[in-house]
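Got some structures for you, see below.
Same chain, two partners: subunit A is paired with subunit B first, then with subunit C.
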Partner chain A sequence: MARESRRVKIALAGIPNVGKSLIFNRLTGGRAWVGNWPGVTVEKKVGTLRVNGAEIEVVDLPGIYSLTAYSVDELIARNFIVEEKPDVVVCIVSAINLERSLYLALSLLELGANVVIDLNMVDLAEKEGYKIDYKKLEFLIGVPVVPTVATTGRGIGKLKETIVKAIHEKKVQARIVDYGRIVEEAISKIEEVIKDLAPELAEKYPARWIALKLLEGDSDIVGKVSKLPAGKEIIDKANQLREILGKKIGDPESYIVKQKYERVLEIVKAVVERVAVPRVSMTDLLDSVLTHKIVGIPLALSAIYLLFRFAFEVSVPLADLVDVAINSYLHDIVLGIHGLPDWLTSFLADGVIAGVGAVLIFLPIIAFFFLGFAILEDVGYMARVAFLVDKVFHKFNLPGKAVIPLIIGFGCNVPGVMAARAIEDENERKTTALIAPLASCNARLPVYLVIGGAVLGASAGFAVLSLYVLGIILALIVGLLLRKTLFKGASSGFIMELPPYMMPRFDNVAIKTWERTKRFLFKAGTVIFLGTVIVWLLSVTGPEGYLGPEALEDPQLLRESWAGILGQLLASTVFSLMGWDWRAAVALFFGFVAKEIVVSSMAILYGVGEEKIVDVIAERHVFTPLTAYAYMAFVLIYVPCIATLAMVRNELGLKYAILALIYEVLLAYIVSLSIISIGSVLGFR
Partner chain B sequence: MENSKGIFKRYIYVIIPIEVVLGLVYSVAGFIAIINWYLGTTGAGEFLYSDYIPGDLGISLVMLSIGFLMILSAYYWFKRKPVKSLAATTLGLGLAVAAMVMQVLVIIASWLDGIIVGEPIAYEELVMGFLRAEALLGYIALPLFYISLRILSKITT
Partner chain C sequence: MAKVGRIYRVVRVEGAGLVKRRILDLGLLPGLEIKVVRKAPLGDPIEIVAKGNPISIRKAEAEKIILEEVKG
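Right after this comes the complex of A and B.
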């Protein structure tokens, strides 16, 4: 291998919340290249560590608990280690969560990685009254261990030194766990078969590891091995051994996991020393109330309510600032430019600025929402919310963690779908990503407010609240259906960590808020921009050709436009039972692009500014209360916006994006029609 | 340990009685907020104590939760579970403070908004905002919260 031409590369691994981001920043000085792992949208961060004039590439692996094939993140991590062969893998281990951390560390060792252990959060362990004998740990697992405190930087210098040393002295401890005679014999047999029949495989992967994975029935490795010329033979042999083992020890996979865990417990017992009298921890004490199965629920709802208040009411001045800047200032500037052709002025003012502006006004709300959420998350409270709903969600075959994507989805569905990633079980993850778009995002709210405000009067508040609830109920029901059909499988137990409560850290919160808000901004900048351009174009042109910007002001002319024709067609066919005005129908069509556009395109279609749209809808009796409510429900359900669909495609593939599209349109139609028919039977109008 | 226990007891004698009263007031205010919300959605009549209590389901939930926690903490105290009692106290007071801070933030926000939009600012309305139930009660909760947090951090790790 041409070693010299390749940059020295190290990887950072660790369970979630061990302080990996902080360590990454400490090692690299915070400067990072951010991209995606190939083929998926899991974020990949790469930075540079400079020591003694040398430059070392630092790759941040996703936060993971083990190296199974059950989760995208874990697959990414292990494929990276096997394929890119980093010179050192720094496994960050939490001193206050040693068990889960060491389980991962042992998994990395088994994979044949050259591991350096960073024992982080030793300050918190000391606070809780125990000490970890890191020298002993070093001795027991045979690789270097460096204690650190990422928040203060304690031990980071030593960590850098150790990494550099480890680059030159490789240590491999693939046999770190002894699985007992029966399993070890099976492992050796498979190892031999592999070395005989597929030496190229044994070169790339540690043969012992492959053997273990074949015994476990790891889907990814079984798939990879069967593609080899000698694959079938190896798999057959492995299956044969699996069967024999199965009779003696039960399911080999659970057995192997159990053995490894026992080894972890042995190590933990040997290295942890109590130094102070144990007292109740603050975390346990607070959790006795916060995760109480009855008391916890109203508290969680209160927290979410305050979060909403923060997002919607405290952000008002910023939202208005954006509004003033765009809709008055910028709009006037454009109108004031002389010498532009009419169509261009109209395009800029009525299309681009009105459309994108309508979206940007949400930016402060979304940013505040994500800010509040990130604080609750960083404190450690969101994990408790997941824990609280776990029981209820299990009735729908969903894990409690699925609540997080739904709550984030209240802000914006795009990061909501992405947040489903944290769910380990594949079927549960896919289901959650598919139902997350049913959470009523901020973009739908203006539609409710405008139409509800215009038509429902005093009941508007209740109607809006009911839509949020409806969204969650539908999400759970659809989730259950998906889990019973497409994504069958036992639901996993609660395996999320309940991390100790901590003061939120400014940089953590800032980064999380920015990451999520960025996706919304990106959406505004691209998808929604395109969408508004299309709305404008379809409104000012028709079969007759260019109608001119007058079409936007003259309803008669607007009927002649493509948008008008399409809307009348929709209103007289599929939506004829709903009794919606053609302009409302066509606004729905544009809402495919982004739900924010429903209001702005209604404004365009009714030929008024957005501030007047409420009055127009009320005065012209566009809706009855019943048709209005059905319309609002339709807007809630009918499609995830294009950006959300793109995210579903990224996460799950095109097939599922199409599935999401189809099921939501159908569901929306059914629900709206039910509202109308049941409502009229009950005597509502 | 002895020492912290002593402090713990003395404070709890001060906090518990105030808290029971506060808890009851929060609960009543929470109920009135539900009634007002009902009156608001149905238009059935004038709000009760409209200056102090809005017709808002969310804030009523928050106030009822606070009231409940405070009363729960007294209950734990009488059940001789002082530590649990203190946990409920701290969380109840903490939520009370959070609700108050949020209300104050909202007031500041609407004041700033008035400046940005350039509309005359209704100062009277803003001042009344500081007198809303969750704000008023929150001012009382603030020092108590500080004290209970101090005790809590003394007796735990």
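Right after this comes the complex of A and C.
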């Protein structure tokens, strides 16, 4: 054996809601490398399966129903299988959605993949009153079938064994579906032509599959065949046969799908055994309330409100603890170290420790928010929220599913931008990623609370709520503009299975919560930390050099620092129409890095501790109610943090990150100025 | 236009591209009986159930599915 033999590689495939990510985690131990498929913003997860000392690469394919050229996800999956030739493709089949799952399994077999079937959720099927004879299924489709329950881990050991065995015993079942005499004759004729004229193509793909795709009129395969020297001849032959078929059986594509489904139904009939009367469908009962004509939408709003309350209430004690531990205890320890130079003590205490604190204080609320969200998602409720709001989103040329990145964005915009990946259509996906930063994240809330609390009095609560609504309205409007200009194209529609309601599964919820929280902690966290250190540096130095840590305590001295000079410049130029104090302007400038540091920089700039900042803003009449509200709107709209921009760049490229930066700043400026001018005309102060 | 609560049989699927193929790939094929279960509160999309599995679909897309009413 050559030492550099290729690594053994397997792929996981399955329709949505079959528990694929849980199986991925069971196989790989949860450690995954996450990236993008080349050229598209579709998530690619790769992990390692270790069995008997061997290391097997596991690639998670997107959740798909079929292998057509119409959707990017399906193209990715089939190209991966054809180009990378994984040793095994594990097709996860849902025991409670057997027909659609097996339809995909047959499509994978036709593509010539070496398939192992993971028959998942067998426990739920039993609960619903039927049993699946998996031995018979194995016999009928000719590849191994392993029953599993991913939530408890039942059958996973057997699945691993079966995968290892299948790596060495390749089984190909490309002829699994018989399409009937008329179509089969046409397939054979095209197959012959391909084998004669394009043997190189027949090596890469099963010739039968190419023939089928040509009969279906698959744009990707037609394109690939046309590029071959003998392409025209093959295509002409296929088109001629398509036409003849069309006269006999109608639309060939519909006919082919129907035949394949009939094969699926035959198999299902043979292997499913009803053992009990099905229970009354819980899902239908719940849906009749949760998507009810009158109470459906109010219930959804309440659910989201409760999500906020939950995250807020539960995290307050923890956040306070973190605050005390870092900003008092740790801070004092550093100040107590003797023999350090002044600047180093200040750097550690006011820069580094303040930076760590700025990140960690937000960790509990964001983690609990994502925990609550993951539960709602796992139960199956978020699909209903998308169903409820689809009509509104449709008016703005977006799918209802775009609501999910926005809600995640309420927690932290970084995973919000990333959640746009779940949207199938490329134009809609890119648009959603670009508008997700307008969702008001947890880091903006303290700014609203401080300024609203200091200036707006009793109407502060209403003002804060209005900002969340404003964020969503602006997101929809910007979304529509993007869909009319940069990302034109028909709507991908909203055909979606509504998954049955289920009890939340601990592993699933834990994984989803951690994956999103992790992005805040590491991606946003690093940037926020660095930002806080930069704020410190710009506040203790100025044109005259190092001013000393006293600058953080003495407002007069602070005026001389870079931060002070910049703020006065901003306040007297671009923000002169807004009537904001120079310190507020500096805080906005620092807030560019992250909203987490707006309040802490204000505290520094006004020379008080964070606990007194509300009083100071109120006493010194820093804002009028009108300028305060305009300021809060500005904080909502302009760049949420550099980490979000970095995420947009990651997902869509530098060009779109710059676009996001420009539109957000311009929009913030326009909206704030409008609030001030319209407000003054209406007589508000 | 299909009515909520009624049962229909699929006659054929019209249209083209992703929408048509997604309808077919979900198994909404000629001969299948489907029930229109409810409309979303704002009137669109609608929820249909085929063989016990609920599917959400916009009205404009559902119009591509040519139906006949099943007399019960």
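Keep this in mind: the second predicted complex is superposed on the first by the 455 of 685 C-alpha atoms of A that agree within 3 Å, B and C clash if a C-alpha of one lies under 4 Å from a C-alpha of the other, contacts with A are read in each partner's own complex, and residues count from 1 in each chain.
In the analysis below, a contact is a pair of C-beta atoms (placed from the backbone, for glycine too) under 8 Å apart; a residue touches a chain by one contact, two chains touch by 3 or more.
Note that the structure is predicted; figures quoted are calculated from it, not measured.
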item: Partner chain in contact with A:157 - subunit B first, subunit C second, else both or neither; value: neither
item: Contacts of A:29 with subunit B and subunit C, given as first, second, both or neither; value: neither
item: First, second, both or neither for A:296, with subunit B first and subunit C second; value: second
item: First, second, both or neither for A:281, with subunit B first and subunit C second; value: both
item: Touching partner for A:462 - first (subunit B), second (subunit C), both, neither; value: first
item: First (subunit B), second (subunit C), both or neither touched by A:129; value: first
item: Subunit B/subunit C common contact set on subunit A; value: 281, 288
item: Residues of subunit C touching subunit A in the complex; value: 12-13, 17-27, 29-30, 37-45, 47, 49, 51-58, 60-61
item: List of subunit A residues in touch with subunit B within their complex; value: 127-129, 278-282, 285-286, 288-290, 295, 298-299, 301-302, 305-306, 308-310, 313-317, 320-321, 324, 458-459, 461-462, 465
item: Residues of subunit A defined as touching subunit C within the complex; value: 65-66, 68, 70-71, 97, 99-100, 103, 250, 253-254, 257-258, 261, 281, 283-284, 287-288, 291-294, 296-297, 383, 387-388, 390-392, 394, 400, 492-498
item: Residues of subunit B that touch subunit A when the two form their complex; value: 37, 40-43, 57-59, 61-62, 64-65, 68-69, 72, 83-84, 86-88, 90-91, 95, 98-99, 102, 105-106, 109-110, 112-113, 115-117, 152-153, 155-157
